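Same chain, two partners: subunit A is paired with subunit B first, then with subunit C.
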Partner chain A sequence: MSDVEVMIAPNVIEYPFRRTTGPVIGAFFTALREGFVVGVRGSDGRVIVPPAEYDPVTAEELTEIVEVGDAGEVVSWAWVAESLDGHPFDRPFAFALVKLDGADTPMLHAVDVAAAEQMRTGMRVAARWRPARPGADDEVAEGVRYREGHIADIECFVPEGDR
Partner chain B sequence: MPELVLPDRLRGVEPVRSIRTPARLDYEFTAGRATSRFLRGVAEKRLLGQRCPVCRKVYVPPRGACPTDGVPTEEEVELGHTGTVTTFCVVNVQFYGQAMELPYVSALILLDGSDLPIMHLLQEVSADDVHMGMRVEAVWVPDDEIEPTLESIRYFRPNGEPDAPWDSYKDNV
Partner chain C sequence: MGKERVAVVGIGQTHHTAVRGDVSIAGMVREAAQRALDDAQMTWADIDAVVIGKAPDFFEGVMMPELYLADALGAVGKPMFRVHTAGSVGGSTAIVAQDLVASGVHRRVLTVAFEKQSESEAMWALSLPLPFQPPMHAGAGGYFAPHIRAYMQHSGAPDHIGILVALKDRRNALKNPYAHLHEADITFDSVKDSMMLWDPIRFSETCPSSDGACALVLTDEAGGDACAARGGNPAWVHGTAFRSEPTMFAGRNQVNPRGGNDCAADVYRQAGITDPRREIDVVEMYVPFSWFEPMWLENLLFCEEGQGWRLVEDGVTRMDGDLPVNCSGGVLSSNPIGASGMLRFAEAALQVRGHAGEHQIDGARRALGHAYGGGSQFFAMWVVAADKP
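And now, the complex of A and B:
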């Protein structure tokens, strides 16, 4: 009994959750699906991106959805030398806080550059969008991920000149 | 709830109401010595439990120790392939990843000679006819498909014996 070889097996647990968005966050994802970015105007006039449902100062409900640009400035970044499961790339990339044109708060996303030397705070980056979902009568390409209302509808950001 | 003021481009388009947020947890299950022995037994079409030296209960699948007495359970006991339904659940609701046709019955089955029921499927019986005390037998997959997993038992089915008396399984309900 003491010399039994212990058995080991993979044990994967998966939950196919969906999360309801509510109207404000839903507007953000709807805009992503349509290929643009929105935020919400706060009580002090600042534009918060992604939109917050409640004002960070007064805690009032926020209702004014505003469109912002899909390019902006890197406020802060971290280099991911070894990517993990669930990361947007299986190669090195940067996570960055990007303050989009017209926004007053930065948004977290990935920046696709080959090396950390190509990243710097203050650099201009622009969204690289996934393609819009084809219409019912159009051909659907194999293996292409279309926009669906998801943060990954922006595949990543790239240096503005490279878009 | 106050009305949202939307930019023109968001008016008249179908709004997103939910997003995919799947979760995946990658584990490795380590069976431990006692359960490894049990699973190797299953691969030989044998069901092996372990008896506690203090309370004499036979645990299956064995975990190597008695949870009541806190002592190793080293005596191995081979169990029959028949048992008694203690409790059961009729599943009528479709869920993700489900392979079974509805309704189906999942039951706790007290194998003869053991003191801890195992959970398994009941088939070849209408859900309406399943009841506590029903006597059942294991139906194994074909010999060339047997592996060290309880899925090597495809399901249990009634074996035609008269119901077991309540006293024989009342401690396991």
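And now, the complex of A and C:
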């Protein structure tokens, strides 16, 4: 078989999807870009973060946007010993459900600690934000990722004392 | 058909357009569903189950969107079904919903179908490039153009038939406030002079890419009677059928597919129709490229094979003809893909309810809604009427 020429060609399939976020999810992403977190108040008074457009109990439209803290408590977590493409880090880290101060539902994000031993349910963590986009007259730093209205505007959470 | 009679008591749709930049997918779907509920004079709590359909998930790249849409459709804690049959899905979805009522499983079912083409890449999703092979298609038009060529060759249909269909549907759309395209100054020549995209399909003979949703509320006989009692004019379902066949097999007739023929024969038998041309008052058929009107007229047994184009040329399918087709403007004027089939079913029901507004055919009592999908291989149809079956 060694004299057979094997033809190889790349076959990359990708689509440029777009998202229209609407007024509620849009408010969440806009807040992230500005460096804070919002949820929405449900019919039962709970603050849902990230916000839901429609009430999970009554199905009614939800409109009361509520600001919550950018620090909170780890409700549950899983250690990622070997990170994969698309993960927030190329080193071990934790995925965690974080209940932010003022929120009644937890939100999924990454926690940057060196070892699983540093993680525990109930620990306090705080957001590490990307820098705000510079103004029109400011200098733009090479290689820095600025906030753009994306869940990764919070780079990760870290133990509260380390922020 | 099961034992329980089924009525369409609520119909809702969005204003179809190129980009609904003001709403998420959930917000858009919600809008159609809310309008259907309002029409049915119901609230979310009145609904027993939700049936939802859309074209393949990779169009928008949201996998199993029905899960995230449960809140928006009031489906939390209720049975929710997802239907997948490519472009015919809007029709198939309505049929699944009607089966749940006809079988006595549920009394009031909300069914919804949608597509947000502005968030997706339907054309290129249908044109996956493969190494070492020449690119075969550029979207659905590239796939269907040879079928149309074959039809023209076999039937002897002249080139202007497609233009007549496009002109008719786009002019009908001017009477439908929900239609995506409203081309007030369209003419025979403007269609004829529009760019040739996939010979023989011109730009103006091609459906647009739309954002939109459609929803129906279906009930049992008691629900239909209640609707009638308050003057809501329910549409009664007289027959439903689906058929499918593989994309390719030896001897397959892609112009006049067996699946569509069998599906039509089945739905007419259920509805007690022996002469569809005379017994059906108005038709909403799935015509994404103008030439599919004459082709489906034959496939749906409205005339002999090879004669469909003559009905078009004689004006039979115009709003003032004796078999009006796509008074709403059809897929040629609005194409939120997943919703397009349900829109055909909904528009058929609007006609027999007398609720079609400016594009109403006076005295329409019995209507056919038709959808197809894939490579002319998935078919869904229903016959609805003003009277009970």
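Please note the rule applied: the second predicted complex is superposed on the first by the 153 of 163 C-alpha atoms of A that agree within 3 Å, B and C clash if a C-alpha of one lies under 4 Å from a C-alpha of the other, contacts with A are read in each partner's own complex, and residues count from 1 in each chain.
Operating definition for what follows: a contact is a pair of C-beta atoms (placed from the backbone, for glycine too) under 8 Å apart; a residue touches a chain by one contact, two chains touch by 3 or more.
As the structure is a prediction and not an experimental result, all values here were calculated from the model.
A.B. asks: Determine, for the superposed model, which of the two partners subunit B and subunit C contacts more residues of subunit A.
C.D. replies: On the superposition, B touches more of the residues of subunit A.
A.B. asks: If we overlay the two complexes on their shared chain A, which of subunit B and subunit C does A:27 touch? Say first, second, both or neither.
C.D. replies: Touch partner of A:27: subunit B, not subunit C.
A.B. asks: After superposition on the shared chain, which partner residues are touched by A:16: those of subunit B (first), subunit C (second), both, or neither?
C.D. replies: both
A.B. asks: Which holds for A:149: it touches subunit B only (first), subunit C only (second), both, or neither?
C.D. replies: first
A.B. asks: Just to be sure I read the superposition right, which of the two partners does A:36 touch: subunit B = first, subunit C = second, or both, or neither?
C.D. replies: A:36: touches subunit B, not subunit C.
A.B. asks: Is A:7 touching anything from subunit B or subunit C once the two structures are fitted on A? First, second, both or neither.
C.D. replies: A:7 sits against subunit B and subunit C alike.
A.B. asks: Can A:59 be said to touch subunit B (first), subunit C (second), both, or neither?
C.D. replies: Only subunit C; A:59 stays clear of subunit B.
A.B. asks: Touching subunit B and also subunit C: which subunit A residues?
C.D. replies: In subunit A, positions 7, 9-11, 13, 15-21, 23-24, 61 sit in both the subunit B and subunit C interfaces.
A.B. asks: Considering the complex alone, what residue numbers of subunit A touch subunit B?
C.D. replies: Touching subunit B: residues 1-2, 4-21, 23-24, 26-27, 29-31, 33-34, 36, 38, 61, 63-67, 85, 149-150 of subunit A.
A.B. asks: Which residues of subunit C touch subunit A once you look at their complex with the stated criterion?
C.D. replies: Those residues of subunit C that touch subunit A are 19-27, 30, 44, 58, 60-61, 71-74, 76, 116, 118-121, 124-125, 128-132.
A.B. asks: Which residues of subunit A touch subunit C in the complex?
C.D. replies: 7, 9-11, 13, 15-25, 52-59, 61
A.B. asks: Under the definition above, what is the set of subunit B residues touching subunit A in their complex?
C.D. replies: The contact residues of subunit B facing subunit A are 1-7, 9-10, 13-33, 35-37, 39-40, 74, 76, 96-97, 148.
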